[in-house]
Amino acid sequence: MSATTWSWLVLALPLAGSMVIAFGRAAMPGRVPGWIGTASIALAFACSIGALLALLDHPTDERQLTDSLYSYADAGGLEIQLGILVDPLAVYMCLVVTGISTLIHLYSLAYMDSDRGYARFFSYLNFFVFSMLLLVLAGNFVLLIVGWAFVGFASYALISFWYRRETATKAGMKAFVINVVGDIGLVFAAFFVFRELGTFDFLESFDAARDTFTVNEGVVIAICLLICVGAFAKSAQVPFHTWLPDAMEGPTPVSALIHAATMVTAGVYLIARMWPFFELGPTAADIAAFVGLATLLIAATIALAVTDLKRIIAYSTMSQIGYMIMGVAIGAYVGGLFMLLAHAFFKALLFMAAGSVIAAMANNQNIDRMSGFRRAMPFTSALLLIGCLALAAFPGTSGFFSKDEILAFAADRGGMYWIFAIGGYIGAVLTAFYAFRIGFRVVTGPPCEEAKELEQGHIHHAEPTNPATGEPEDAEVGFPGAEHHIAEREWPMKVAMAALGFGALFIGLLQVPGVDHVLSTFLAGTFEESPLFHIEPTVGDSWLGLAVGGSISVIGVLGAYVCYVRRPGVTVRLAERYRRLHAFLFNKWYFDELIDALVYRPTVATGRFANSVFERYVVDGIVAGATGLVKGAGSVVRGAQSGLVRGYALLLVGGFAALGIYFLVVAN
Amino acid sequence: MLNVLLWTPLAAGLIALAVPRTASRWVAALGALVTLVVAIALVADFDPAATGLQQVVDESWIPDLGVRYQLGVDGISVFLVLMTAALWFAVTLWSALRNEPGDGRAKLYYFLVGLAGTAALGAFTAQDLLLFVLFFDLMLIPFFFLIGTFGGLNRVAATTKMIVFTLVGSLLMLVGAIATAVLASDISGELTFSIPALQQTLLSDGNQAWIFCFFAAAFLVKMPAFPIHGWMPDAYRAAPLPVLILLSAVLSKVGAYGFLRVALPLFPDATIEFQEVIMVIALASVLYGSVMAFTQTNIRLIVGYSSIAQLGFITLGIFSLRVDGADGAVLQMVNHALVVAGIFIVIAIVYARTRTEDIREMGGQAMRAPVLAALFLVLALANLAMPGSANFIGEFYILNGVFQSKIALAFIASIGIALAAFYSLRMYQRVMHNRLPAGAESREIGLRDGLVLAPLVAAIVALALYPGLILDRGETSVTEKVSAVQAADDEQEGLIARR
Amino acid sequence: MVEVAFFAGAIGALGGAIAVIALNNPFYSVLALIVHLISLAGLFLLLHAEFIAAAQIVVYAGAVMVLYLFVAAYVGGTEEPIAQAIPGQRFVAPLLAAALFVEVSIAVVGTSLASIQTEGPVIEAGFGSPGSIGRLLLERFLVAFEAASMLLLIAAVGAIVLAGRKGTGTSASGPGVPDVDRGEIV
Amino acid sequence: MDFNAPDIDYGGLSPIIALTGGLVLTLLAGLVGGSRRRQLIVVSFFGLGTLAAAAGLLIWQWGAHANLVAGALRLDDLAIASSLIAIASAAFCIPLSWREQAFDRPLGPSNHGEFQALVICSVLGMTMIAQAQNLISFFVALELLSIPLYVLCGAALRRESSLESGLKYLIIGSLGSATLLYGLAFVYGAAGSTDFSGIRAAVGSTVLDDPLLMIGIALAATGLAFKLSIAPFHQWTPDVYQGAPTPVTAFMSVATKAAVFCVLVRFFDVALGPAAGDWQPALAALAAVSIVVGNVGALGQNSLKRLLGYSSVAQAGYMMVGVVAFSVSGVSALIFYIAAYALMNLAAFAVITIRERESGFGDDIRSMEGLARERPAVATAMTIAMLALAGLPGTAGFIGKLYLIEATVEADYTWLGVMIAVGTMISLAYYLRVIAVIWMRPDSERAPEAMPAIAGASQEADGEVTGANCKLILGLTFLAAAA
Amino acid sequence: MDVSWYLVLSALLFATGACGVLIRRSPLVILLCLELMLNAGNLALVAFSRSNGNEEGQVFALVVMVVAACEVVVGLGLIVAMFRRRIALDVDEIRELRG
């Protein structure tokens, strides 16, 4: 089979899984939907490997294959094919997405077991994967936008999965609307491309762009910035990031899926996919890189202060995606995509471990309440620490090699790009610190009550409450499930976490400077023509960078060790001393409030104004004015109708007098 | 075939008047079904490549006025006809299944619905200007009675307001139509109202301008467009839901359709002259409708204002004066009709459970009614023009047209898309999600409602998978209309250049 | 001589007219009208309209005015109250009447029609005599003549309908007609 | 002294002869003894027979173009059409009056045929005026038409309002007649002839734009506008329509307009045709004022007859447009509109008459409440009549307005077409109100069910008559709709 | 004597009659005033008949006399009927119909 056929299968399987679960929901007992969902993604993964192998049969410069199912819309000069583009980048993304998703599905299979919406969950989950695959396989802008929006919708559905929680539904809405803003950006980018190049097709437009545009032409910059709007919205970059922390309202596996395999990485993929445009508009690329840098720093600082376990991980995602965006924007395509892969492993792992811990805490997510789970949950604790190590880019782990590839590249480009390298290293310190803020707070220290209970073999139970507001959950419906599932007791969770842990530790070995370069060789099929792709730091420089990065990571970890293990409480004192700074960080730099004040409130106020003033006085005023005029005239006419016959005679004679004057005037 | 299509609803309505009360609803439903079948046959018979009208019926009617009974379809109207027939069937069947209205007025109801059906189909098929005006106005009469007799609170005031409002425009249109024919006869020497014939003799710029304004007034009120939508809130509040479906889904389209059918081909110079004015009105409708939908709490009004916004988009597309924009507008007309119909059915279903139309007092329906929730979700997503839906393709085409002709307007219009996402989802969430309020019940959609709603949603999904179905067939005709305007534009530029 | 006759007639006609509208008692008004009519008949004579003048005296001043007098006597003379139902009508009305007069006068003065400014063309003998009028009536204006007779008939019928007392008691209640007094509804 | 008897075309004159003879016969038939009912049957037979004969003769003469009686009258299609409308409305009015209480009282006229005779006399006047070819027959026919109407309006002697309407109509009517006469005198003076053809010749050559002629036209226009209830000479209309017995109102609202518009066309479009440029703007202004005044005046009226009175002011304004257009299409539009107006207005008045007897609310709009439930057929008739009066599509009123607007555009009076449209918009407010009362129950409470007991008692007796009426109305209105 | 003198007189009479209709309240007197107006018309007709030199105006005047008589008869009939119904003979009092 050809690579494109495999790819169609990759697309079809998750969609089929989603539909089968949705329509057969009622007939499926127990964990059947979960198994179907997992199996379909696993098969999709297998097909992705099939596509990979098929693609590898082609010579490097012929690895961009397109195929179309049918003409989706072809009128008025706009030709839109339902077509895919299978190239190394797409296949790479497929592998990441399906691979990680398979494990997340496997984990969810057990984790979501007692939830009332079990089947619905897997249906959404499969749809999510399908959407993401559509996004990465899309061969033109329109299909890309479709996939893009589907991802947005799927995230909405999953974030507000527990839809009886008002916080969840609000968070879902936020995610969706911000994503729609991103969609609009992409739509307009597509319009610009169509206007200038006359096509929506990726490969055609890339080819045409090189012939049409000059470097840093206004249109190219506009296209790139609009693409960036889409990318930033999806990848939660400043200032479109506020939905991401709120997205933690969804079940934990959803967070894993959003943060690791799908969705947030889409922005990275998009910029990498659009490299011909970005290389023609380097100014825009630099802007994107700066945004990435800003995001990574902002998110890292916030992650230092927030106390919700999942939100810390969420901010870490933002920060890490910031690295990737920065990477692909400055041209470190392999570095960015490599980091995407590594991040997928350890972030999924972190969320799974966190999910296990939260289950043990009976849905309490406050990190301040957690402590000393190392004995109660040895497996979870071990894998949590592995995840933290990888996140902290501890030497040897996957995070280590990938992050430093980007920073070394930045340093190698020199000049202004040193800013990115230095900023990246500063971020790395913070990352290592907050990574182990999680690890140490959860694993070490005296066991908390829940941990003690678990040590006695009993999972803590509490009345289900909304972790965000503390209000009791809707008892009638009773989900999220009253039963909690921890990794220690569920083999699917264990398998999934173990596999991820393995990857988090060792996947970095795919691309070690001077040793091997599997990824860059493979991705060359996509980026071959890019001059930036061929910039490669020397092995020596790379290892120097690795050394710096490794030591920085160790410093961060040690700092965390001091603050949370050696001398616990020092952070509290720091927070009190710099109360305003802490509040600033704790409130996430007040971005929510800012957007609220700048966007939401003005819109609502406009609406209220329109409703209460404009509609009443202008729109109805037009009506009232017209009817008032007519009615007024009516009352004048009726008033003249006095019933007095002499009055009528008066008008008659008066009317004649007027008529007579007219006729005398027209007479000669 | 068009004759059968056109008169079957009325005939069924008349029979429904004659048969016993219990049978009348089934007679009406059968009539609507026949209409639908004919409409499907019409589409199947349609030749997408051919230019001009198809299935033409052309008889002399009022010879001394040059009025002809001239019907025909082209790529613009053929799917609007199908959509109308389908929604008419859906609404009739729905009412019949629900046995509404159950009392002695049922006969009247089905008669009026049939009459309205004939009028609406007539407006979409008429190719004689006067016939078009006649059907256009005739539509109002059954709606006046339907709302006034079967409606809710304040129905009489609401229905009177609606009819007076809309007639203000359409009576001016009548004058405009007559003036068009008479003035054209001064040029050509032959008095005719036939649109294809009138296209051959265009009026002078000055005459085109004022006549265009008269027509535009009629169409914009009907849609309705900001700021002349004053009749809409009251009418939407008072209308019974089946009637509201027809009102919102079909009647509003006649206005937009009128621009394509009449204004562009007959008044190309005026169209160019007023392009920006109309576009600004449309844009204001988009923004105003969206912002209002964003703040309404009555679910009918959310849909109502969102319709204003959607119709604004459609108008924008038409007045981009580009093939893609106008073709997208045609597609979007069908899409919007289907979606609005579905949403109103859902509103009726939900109302039966919650006894309220205020979204603040709703919620939590999804748990016990997952199928209903899923259907509604599809509708809500289509309403917000989710990429992947046909609505998206429609808006994409429209926006592309606007973008290529007036780039700034396209950017401003996009605000409407973002707001649409918000209000559509808000509507969905407030109905289906969050907690079930006290006093409301929640149960799955019934078979009778499902029988109507499910095919509608299926149609939406099907169109989403292949919007080319409509776009391809619309393209040829739309190109004709738009190129007529472009020709006039070129001519004007030529004149300027020569000077 | 003609001038004297004209002014005498004009003063009589105008004086009579003013008396009609100025006198408070309807009875006197009727008498004033008779003066007016007779003066007018004189003017008709000056205009060579003998037959009309005669008819004016006989039919009008004679028959019709008698009818008036009877009715005036029947309903009695009533003094009119001063209060005005429409404020200012007393002042506006003469103004409008004056406007009427001025407009018509302008037309009469402003016309370019020469014959108005003369005594009229030379006319043959017998102009306005009963014979020539009668011939016109029976030849060219036969229809008008017949119609006028119908008019008189129907006016008589109308007067009976309005003012006649019910003489025939037979119709008070016949079989088949429910003689229930339903009362006036309006 | 030689006497040349005029050449009389008896065929052409036959309708008028039939009416005259019938009038006398009807009066004589009234002398037949017997019960009131029998009298009624006899005189109605004669009355309707007369009308039928006249109508038949007119139809027989269709297509004829004849000058009758030394050119005093002219029989042509215009005359025949408007005469037929007048006759039809009279024929409609007689059955309507059968149970009219005003004519059934000891104090009112008995069934000696006076009512029928007066109506026929009025029709005679209308038929004559439609054919009039000189000022004298024009004026005398106008009086022949009017004087019976004065009597008929005041004939419901028991009602003060009827007498009031009679007196008002008489005073204002005579004022109008006097004005008209004065105007005709000036036209005669200026043109030197009383024949329309002679006037046309004179106006076309010597006296065009002469002030004498102009003031004559002004005076005559005032008088005619009064008869047609064109604003600002309309003020008698609502009062008289409301006060007069309903069948009479129905008759005069339709028939008078048909006849007087016919003579208006002859007088202005034919006799004064050469001076069209002078009078067109004036008549156009009158039409516009009439449309506005009539329509706004009808708003908020509770008496249906009064409402229709104002509405007829507006309708007269619409019709006037046809004269202003001064073209063949204008006149044919006018005739079509009058025919349509006759159908719809008669239907409306018939329904009002029925409800006056049934509901106990008189002609108040409340009498229409619940009509849809009690008598769906009647309700439908009224509805169609109202829609047609409003000129909504699918009705004859719509087509009529269509023709009128077309005529305005052709005559370069497009703004009058717009006025028609504007007037129609305003008119919807009151026409639809009637329909709303018929079909739509108010929100708060059900319509008061309490019909006076008396109506229940009378219903049986009325059944047969009103049943027949209903069918008639329905037939008429469907005709109106189908046209 | 010029015919225009008669015409001016007739205009004066017509205006007087109209004025009377406008200011008098007794229906009887109003009828008299209407007679005045008709007679003014007659004077005009006869004068024009003289100036035009044909007798049509005189015939017209004759017909007008008949008409005037008929109007008087009907008018008086109405007055009598009202008197019998005890309705005040004052047109300002008769205003039940209005609005």
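Order of writing sets the labels: A, B, C, D and E. Residues in every chain begin at 1.
Note that a contact is a pair of C-beta atoms (placed from the backbone, for glycine too) under 8 Å apart; a residue touches a chain by one contact, two chains touch by 3 or more.
Please read all numbers here as calculations on a predicted model, not as lab measurements.
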Going from subunit C to subunit D via touching chains takes a minimum number of steps equal to 1
Sorted by label, the chains bordering both subunit A and subunit E are C, D
Chain centres computed over CA atoms; the one at greatest distance from subunit E is chain A
Judged by C-alpha centres, the chain sitting nearest the middle of the protein is B
By number of contacting C-beta pairs, the most connected chains are C-E
Distance between the CA centroids of subunit A and subunit C (whole Å) is 100
Rounded to the nearest Å, the gap separating the Cα centres of subunit A and subunit B is 37
Chain-centre distance (mean CA atoms) for subunit C and subunit E, in whole Å, is 5
When centres are defined as mean Cα positions, the distance from subunit A to subunit D in whole Å is 78
Residue ranges of subunit B touching at least 2 other chains are none
Check: subunit A positions touching at least 2 other chains come out as 638, 641-647, 649-650, 653-654, 656, 660, 664, 667-668
Where subunit D touches two or more other chains simultaneously, the residues are 136, 140, 143, 147, 150-151, 154, 157, 161, 166-168, 171, 175, 179, 186, 189, 210-211, 214-215, 218, 238-239, 429
One finds touching chains in the pairs A-B, A-C, A-D, A-E, B-D, C-D, C-E, D-E
Subunit A residues touching subunit B in their complex are 22, 25, 70-78, 80, 120, 142, 145-146, 148-150, 153, 156, 160, 163-164, 166, 169, 172-173, 176-177, 180-181, 183-184, 187-188, 191, 194-195, 474, 476-477, 603-604, 606-608, 610-611, 614-615, 618-620, 622-623
Per the touch rule, the subunit D residues reaching subunit C in their complex are 1, 3-6, 20, 23, 27, 33-39, 68-73, 101, 104, 106-107, 109-112, 114, 117-118, 121, 124-125, 128, 134, 136-137, 140-141, 143-144, 147-148, 150-151, 154-155, 157-159, 161, 166, 186, 189-190, 207, 210-212, 214-215, 218, 356, 360, 362-363, 454, 457-458, 461
Residue positions on subunit D within touch of subunit B in the complex are 329, 332, 373, 387, 392-394, 398-399, 401-403, 405-406, 409-410, 414, 417-418, 420-422, 424-425, 428-429, 432-433, 435-436, 439-440, 442-443
Subunit D partner, complex, touching residues on subunit A are 627, 630-631, 633-638, 640-641, 643, 645, 647-649, 651-656, 659-660, 662-664, 666-668
Subunit D contacts subunit E in the complex at 135-136, 139-140, 143, 147, 150-151, 154, 157, 160-161, 163-168, 170-171, 174-175, 177-179, 181-182, 184-186, 188-189, 192-194, 238-240, 242-243, 301, 306
